[in-house]
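Labels run A, B, C, D, E, F, G and H following the written order; every chain starts at residue 1.
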């Protein structure tokens, strides 16, 4: 056995059972909130309601400040309510969550979206960022086909610590906003659109090749990821 | 704040609330008809019937000459009828529309399609162009596997101010028509076909690489977009 | 033999040798200008200089109003000069052309581009449209990352009979322009950009899914095609 | 060892060294002409001139009726001439071949192409089919953007035992020809074209989804494969 | 108007109403059987039962020797039975057909498939080829993972005038068969398989790049197209 | 007929009916277990319950040590129970199997997975490997977003004769594990994930380009294939 | 003209010539540094040395704090030196830059890369971030195939205000780092790797689907974009 | 700081400088041979000759049993010779290596390839496996278009502890071999082929969907990876 191997093995053995709870089908990372400031969330797809309920119970028992279930159908949302009767939900955004101890709010995240159909992604980002302890302002349906509809958002864009742009189709909104603001911009390509929108691929490519520097991108429809990084950026900027 | 920024901010603030109605989930561009000669339309997918009804009401209240709902299932079509009981519909093309004040007809758009299955796209283009104030003639199922079936369309192709070709599969019709006529040709790749038709991608690529110059292309199945640009071209040519 | 077959065969035999000149390696469509108002052009790639010279001679001998050679390297441009010593050229746009009898100018085409690197495509579109008999105004490097750079183009966009937008990267310019003007917009995705720009594919997808209706698209880098259809639209609108 | 395994092993051991010559870097299938009526050919790409020469010598020594080297640059063509000084070549089609004993010609293959740039593929198909013992007639540059240019080909299309269509770009010619003739049609997508032609992919997809039944397709630029199957079809039909 | 245009227009006008019946939503090519030896077939997808019934009636009234409805669900198959009570059907292959006057059988088509799941495509090819007047022999589930399972097919492969290989997954069967037989081979990539089989794309690419020359390919799952061209080849070879 | 052809034909005729049972729709490879040490399995998709039952009966009648039905819905699982009432099943992994004579266990396969949603693939690999006669240890939900969750697996990774990594999303776990262990690693990309996970394609590409050497990959979700090769490796290593 | 149109037109006309310098081929956005805190940079590809020199002169004349030329070959770098003799350069990263007035350094950006070949992208990010006024620490070749090589970076990762991960191949490093740190992580997929690395596409997809939340991604090889957003994040966090 | 974080940080700090040598541009993993039985290799692409030489010197100084440089042009190979004058090389396979202390040979790896053009990949796999201490036997050009050419390989396939199949085009050889042998099969898709071979993608997909179980796949042209895993498998099986 090599020296590196010995050291790694020693460490990993020392970590056995530390910082997570083993449910067999899941190893719940109960240390994540302490380590990274954001508790592990539960993506409901591919999990049974029973598994969701069990994971949620572990997180809450271990003292999670909040628990968020994403991509959650009615059964998945009910599963969280069984674990925590005070849970809230957002049906269209397929979310359920319980907030037991959210950090004091710090920083501002402004979310703008291209169209009404982007709503579910917008709200996933909003709830995640709020649970991590930031203020969030939302401006929906401000796509560039009518630039004047962006007007009411300008002030909130200017004062944001981080901006999230949610847009499907050609996602041109990301470049327009990216050219206006000095704050970091997180783009979320949305799967809205048909035909050559290819389920969000066109929006993704568009955002990745935005002619405005200062834009970084997360996965298609990944409001959760956008909310996470935006909250980190905004909270740090405001502290 | 830079000079450009100041000017842009000033303008955008001045535009706050101008030219659109804010429903929260939607900012309805009530200025579009005045600005571009074509009222905003409502794509039903991703919107609830309640949202569709509310948007339609705003457009009609603000004096839209017509309202068109595309990709509309039965619920979405019913939503428009609630807002405007005189609304018409085309079930197979998933359309509902109300025409209160259509511009006087000007110019001719001729639509040819490759096969019977392209019908929904054909009729979306037709209704849109008619609502914008053009005459439309339709020739369906004139694909090149039997060139003689194109014969009855020749006269209408020759006299058109703009031609729309709707075709799935290999969309060879676009090149054949593009080589015959002197008018601008708008190609609409249709999602008809299976296997390597890839939901309209093959038709799209085929139309984009048409060996006939003078062909421009819209999104897969986008009868709405084709009808919009064709009507603009035809009306201008005939004025 | 079926009746249709007999008729088609009769026609096609009657057309033998009509309207084109057969060079063996090429059948030069000398009828195209009469039939469609635009002479056949010569794409140099894949042809030897000798072939280009021969085709150009045929077109000129048969009375073409102009001859345009696209995607032409130095040898290809020299080939045209051998056929027509008065030929002009644009090195960066890889063009050579000779204009013997251009139609009287009618209508206005305004071309805007996203960046300096789109220049070759811009000029291919410009020359083609001019040879077909339209006035062309060009505004380069007006991308949306600095919206104020679009300002000088606004008047020319408003008064255009047809607008061409040339843009690579995310091609967001197409949607912004498409939302401002009432004239038909022809988008030309450019191969400028690296990485996820994928040689113009992202720009193509972006333009096809533009959230502004009234935009149609041609092939990547196809200034020639855009110039052709734009000139047709503009001339018809201005007549 | 299972029974099947034993039998297979017995056979394969019995075949050791039968029907091929082992050069180490290549096992030349000297049996193929007897087995399938068409001698093995040599694709030059990825082989050194020395390897090409050695393979050609083996084939000729073993009595091949002909040897064809495809995708051959000048060095590769010279390699064949070293093995067989009477070898012929076609530079643009990157071919070299020697014909020692070509079967008596039987059947007719008609080749039509969409444009001048498809020439190399046309001639690869032609030479291969001729070496296998068929008559071949060629009509180049008959693309559908000017249908009348197809007229001189009609008679040869009607009387062909098999038709080969070579076309790049949108390859619409395949559907037009496929709708006219009763003979089998073999489509060869060519890599001619730029932008969304994607090196022949658009032509490939177009031919695969041809709206005319009776069309089958070979690999992009695969004149060799098309010549092989077309000659088989034509010879059988004419016997 | 140019000379070519005049001639084309004259012809096309002369063809008005010739050789097809116009149903509005469809122009039924009643001339196809006379022209190409194979009657037009009806692809059910994208057509209503009423449309299918109407098209079938036209074809039968105009004397079609047979009518084949492909990709037909129960309603589509019932539609044919309304038009022709003697219609037969194959549920798994989603076919319905009526054979009133099939040409005398000529030639042999041998079909081999890679696996049981390819059955629907196999039978679509078989029925089509039989309706066009050929004998068909079928060997299913002969994939190369157990080469001995190909043994019973060898004799029928040797004596075939044309071979059809239907295979999903990696479609290796096409190359193995293509290396054994001297007859033309038509490959049909099947959509069987999961994951990286990509709905038949892997099989398609594999067949297109088969290392055996003499293989041509049709669309994914296109038993109809394979049956059409195979019957043409086999009938010609046997006459 | 060539010598090779004669020999091959002789062999294949000699194999007629040897080593498989012909059910018409299927040729069951009853020789496979003797030839390759692993009995043929039944992929349920694309087969009717009747076909599954019949194939299972043949395999069992011919003495298969075990029969495994993969991708099996409730009907398919019931079909196996009809053929073998003692059959076991795993609903979520869509498996049913009967083990009549499993080889004595030899070697150890350790399976680690990235997340709970990968469970079905994990268990398909586990059952297959167990039926082939290996010990299997499973560690689920050990993804790299929390490296400490990998700790409990370290000892089982070290002592494994072969490691299987099942992971969706970015499949980073494959590289991390591949960098730790000296045993061969088989990666199974899972279709878990949304958006740019593209149904397992991202995981597939990630595993194929793993920066750790010593990783080989099977098809997306192909627990069966991974279990097969891993068992072969582990059994050989332990013998 | 609509009200919105009037207002927009008024504004845009008022902006004519404001905030940029028009060179004909380029409209240099001299306002960007004031507006967004980062001066416009010059991507050399697609621009002639003369154009680069001219743009650089404008930027410097208008008071840019720094000028950076990216993707610059030797000629492009020389062009900058002509405009500013004090310019520095990094040959392998294809950079040239001149720093006249860089903001006081604030915040820390830590860059880690997967391999030596990622160097050019690393240094593009580093220089850009430094020019925007941040401290940058670099750890190269810390890929996960040997996790211990990441050890020296841990401290710098912990204290960073923003982390940049540059990685090609499978880019697993992004997830490992993303799971360790609480700071925002910007991933830059690099085009290093061959085969299924697909020029950075696999790394891009891997980063987009990272199982660690808190990672956002820029274009392939876009060190410039990463440096821009990272500097914004780090400066805000440290202020 | 969380408990997990503390532990991980402690470990990683303890590992600082352990098991690798930091050259700034590279952290050479000198522990890998001890940890995984295979020394780190040097992929030359993207590295300067000076970097290659320096890395090689470190590896040799630290006692590496062998050093292998892959994808090495003449300069890269010369760099290794400077570090170790006894270095050997294989020009066509772009390899250079020095073997100071290769493990005693154990186990047999049999490599078969589809065609002559696959040679470079074959030899990369061969040299790597030999340097790790296995016997290797090679059979080139045994593609399935002439199955009898596989005959001489049968005995070596049967007695192999692991089989490597290198094939481009449709890679059908993988399934044929995979159906014959009981040993694990590692497929290496090669980039040989043109058109729809797509640089090895078709071969890759074909191997991933091989109808023979027991095949796992490495990256396109990755002889190095195949040699690594095959040697591990073979050595373990033979011990």
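The working rule: contacts are C-beta pairs under 8 Å (C-beta built on N, C-alpha and C of every residue); 3 or more make two chains touch, one makes a residue touch a chain.
Since the structure is predicted, the reported quantities are computational estimates derived from the model, not experimental observations.
Asks: Name the chain pair with more contacting C-beta pairs, choosing from F-G and B-E.
Replies: F-G
Asks: Half is the threshold here, strictly exceeded: which of A-G, B-D or F-G has more than half of its contact pairs identical to D-E by residue number?
Replies: That would be A-G, since it shares over half of the contact pairs of D-E.
Asks: Roughly how many whole angstrom separate the Cα centroids of chain C and chain E?
Replies: Centres of chain C and chain E (C-alpha means) sit 40 Å apart.
Asks: So, what's the distance in Å between the C-alpha centres of chain H and chain F?
Replies: 25
Asks: So which stretches of chain D touch two or more other chains?
Replies: In chain D, 4-5, 7-8, 11, 14-15, 18-19, 31, 35, 115, 145-148, 179-180, 195-197, 204, 208-209, 213, 219-220 touch at least two other chains.
Asks: Give every residue of chain E touching chain D within the complex, in rising order.
Replies: So the residues of chain E in touch with chain D come to 4, 7-8, 35-38, 41, 146-148, 161, 179-186, 204, 208-209, 213-220, 224-226, 228-229, 232-233, 236-237, 239.
Asks: Any idea which chain H residues touch chain D in the complex?
Replies: 115-117, 119, 140-142, 145-146, 148-152, 154-155, 158, 180, 192, 194-197
Asks: Mind listing the chain E positions that touch chain H in their complex?
Replies: For chain E paired with chain H, touching residues are 114-115, 143-147, 169-172, 174-176, 178-180, 193, 195-198, 201-203, 205-213.
Asks: Help me check something: in the complex, which residues belonging to chain G touch chain C?
Replies: For chain G paired with chain C, touching residues are 5, 8-9, 11-20, 22, 24-27, 29, 31-32, 40, 43, 45-47, 51, 71, 189, 191, 200, 204, 219-222.
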